[in-house]
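Mind having a look at this structure? Questions to follow.
As written, the chain order gives the labels A, B and C, with residue 1 at the start of each chain.
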């Protein structure tokens, strides 16, 4: 562990290990570009580049899966969930975190909400289908509200944990100046929790973007999210692997771009969640 | 609403701040949980009329072979998965935290599987298991590789496990890396001077310092592995020969689709109880370890 | 972010939630004197035919507006809609256990006063009656289209090699040997999709066991161990005549393999034909009845109701729903559907049958047909997976453990029904 000396054996092993990560993605890309007639049973043929880099599979996949529509729905659900999550969960985490030590009721409240982490979706699923429909929430709004509830335990835990790093003195000073608790929270504490907001936003975004089950059982009608469109696509056009893989790739691209752009923030966000949460 | 005098303005604000969340949580978590428990005492199909059957569904749970197999599969999967995920990600984390070239690229690459949706990843791997690997087995003349792993009821769970681990390692690795970064470098230098070997350093220095992160990772990965669903849906649909039916999958399949709303509600209640017990025990054990070390 | 804005935002959000919960439900039935009728059918593969039917209906009817939906994963969607208590007016589903369960839950309207009831072939009306878990007065479904399952074969390949259509089990086995001898794979399977195991199973069992075997077992008069033994033996024999690992590939793969001429025969229903043709539009396919017996006269064609329409008991505009049904059963509409789906009409009348049914036409005309046995199997019992398990089991006790498992699980999953049947019988006496 001496400074400055590169550990080459480990670097090489790690680069070789990357094959396990990129091989499936490589397969996805080349199959998405090939035509059904190019699919062969030999290894060399399967691994080879397509003879033409044609976008026709993608055009077809966009058409049959109504890609833009499902993309719009997925973006709406994820963005709305993140915004509401940051506002609501941080506020809840703050109120609980600051009162827990003094008041038993808040301590109980904390455990009440955090215990939600152990509730498997499977047990809530069937009653929720009935309940959301009765409330007229069998739509994207309902899905967003449910995400707000499902991610509440972990997010509240993260926020209350992070609060321990913020000294009470800040608020006490503000309150001395006559600021209300409400105002102190939004003007001082909320901005100070920025690193934790990043963590929460990333964890929530990854979870909601890729979730299939909640929209599958809750949303009625022909509204699709991106992963759901793949599920439907799979049962409908399963023979054409090229079309299917073009569609998978399309569904992966938005999150891949997002990841390429925000990679650093995402990795740091998760890391700080683990250290400070 | 009249408030007591003793409640200060600040208390009121704090109460107001938790209220929306608590209402939502009660409405969409606690109430459905209770309703699920209620349905578990009926023979409800999900529609039409139903009767109370008392604890019959619970008694049936313990005699139902399919339910028992789904628990066996899920636990086998979760135990193997947790061990593999934590072992691999610990190794990866130490490698990625050492003095290497292209560090940020490599870290980024190894996290990639985590951002991809389980369903789509499953479809991609399904193709690889069904077509690419058997073709490779044929070309290289490796007998055991020529058969799709997903087609054999003894090994299909390993196929699912590979995909599950492939995705889960990413998150654990990041958490372990952040843990390793909390360990000050001078501790190692002290260790070096004592002439401790790599294994000794790891056992005596790294692992104890990492213990809180080990416990986070154990809990997170066990929980995720126990709830496996997307991979089953896209890789095996529970087959072959019902050998890869996870608890979540069985509840979804037979509860929503198969007219066993009541019975599978009972199954879900049991699953919930088991997860709670599991988590409490795990926290107790890792908590004790942390204190000891 | 300031405090006021946030407070407002929260308030808006909470009001929005509470408002949505009030305004969300309830669909309007009439707008400007036009009655809305919603039909949900479970065949997404027929979406083109249904879009055309919907268009034609709305063009010719000013007083009724028809919406037809053909969602994917339709049974799950339909069941979740029922769980939500969000009912369409008419459903188009298959004549199977789902129908039995919905009917048993009193979800359908008695439509015996609709004159169309008399125009349906009696054999299909009898199938409907057999699907009633407990005997029930009235008519609750109108069979629309039937499918048939036998063995699909590659006609060109057969003609080229001079192979003959077998009429008995032993001739069938020797045909398989003959095909194998020519270096061709006799049968293809897609057993990774468990449900495909039911296709050969149904075709065998319909000729080898009495039609009412499930009812008889429920009544305690016989057991599956006794009735299904021959079928179980024969289905396993089929496994010898496929190459590779039949459990590695799914339905789509098997359709593709058959379409590309990689196998001579495929034991699957006529519903697979559009799928196969999509891979190879030029393939020449025909069907023959599964020769399950040694005596040709004992062979029966598996044919069941693939699509039937029921009016939901919650439907508020019975007359409008009847008008929709009348339109659906007009000669041209039926023919449009048949052409699109290669289906068999359930209605009396002069219809053109698709060419891939030539080989089974005589059975259809003579009415030598029996319903798919799996239409009576509870879906949560997953008989398909039980059969798949048995086919994978190569131990010597496989047959006996399969049969006893079948009986045991049958009793477990039909416990409530068996009890109710007993109570019903006692009430009758």
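One rule holds for everything that comes next: a contact is a pair of C-beta atoms (placed from the backbone, for glycine too) under 8 Å apart; a residue touches a chain by one contact, two chains touch by 3 or more.
Everything quoted here is computed from the prediction, not taken from an experiment.
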{"item": "Chain located farthest away, centre of subunit B as origin (C-alpha)", "value": "C"}
{"item": "Best-connected chain pair, where connection means C-beta pairs in contact", "value": "A-B"}
{"item": "Centre distance in Å when subunit B and subunit C are each reduced to the mean of their C-alpha atoms", "value": "37"}
{"item": "Centre-to-centre distance between subunit B and subunit A (centres being mean Cα positions), rounded to whole Å", "value": "16"}
{"item": "Centroid spacing, where centroids are CA-atom means, of subunit A and subunit C in whole angstrom", "value": "38"}
{"item": "Shared-contact residues (touching 2 or more other chains) in subunit C", "value": "10, 80, 83"}
{"item": "Contacts with two or more other chains, residues of subunit A listed in rising order", "value": "88, 126, 129-130, 145, 182, 217, 231"}
{"item": "Of all residues in subunit B, the ones touching two or more other chains", "value": "20, 46, 256, 261"}
{"item": "Subunit A to subunit C touching residues, read off their complex", "value": "84, 87-88, 126, 129-130, 133-139, 141, 145, 182-183, 186-187, 190, 217, 220, 222, 231-232, 235-236, 238-239"}
{"item": "Subunit A partner contacts - residues on subunit B that touch it in the complex", "value": "9-10, 13-15, 17-18, 20-22, 24-25, 27-29, 31-33, 35-36, 39, 46, 92, 95-96, 98-102, 104, 106-121, 123-125, 127-128, 131-132, 135-136, 138-139, 166, 171, 174-175, 177-179, 181-182, 185, 188-189, 192, 213, 216, 223, 226-227, 229-230, 233-234, 247-248, 251-252, 255-256, 261, 264-265, 268-269, 271-272, 275-276, 279"}
{"item": "Touching residues on subunit C, where the partner in the complex is subunit A", "value": "1-3, 6-7, 9-10, 13, 16-17, 20-25, 44-45, 69, 71-73, 77, 80-81, 83-86, 250-252, 255-256, 275, 278-279"}
{"item": "Residues of subunit A defined as touching subunit B within the complex", "value": "1, 3-8, 10-11, 13-15, 17-18, 20-22, 24-25, 27-28, 31, 41-44, 46, 88-89, 91-92, 94-96, 98-99, 106, 109, 112-113, 115-131, 145-146, 148-149, 152, 156, 175, 180-182, 185, 206, 209-210, 212-213, 217, 227, 230-231, 234, 241, 244-245, 248, 251-252, 255-256, 259, 263-264, 266-267, 270-272, 274-275"}
{"item": "Residues of subunit C defined as touching subunit B within the complex", "value": "10, 14, 75-76, 79-80, 82-83, 101-102, 104-107, 191-194, 245, 247-249, 253, 378-380, 382, 385, 388-389, 392-393, 412, 416"}
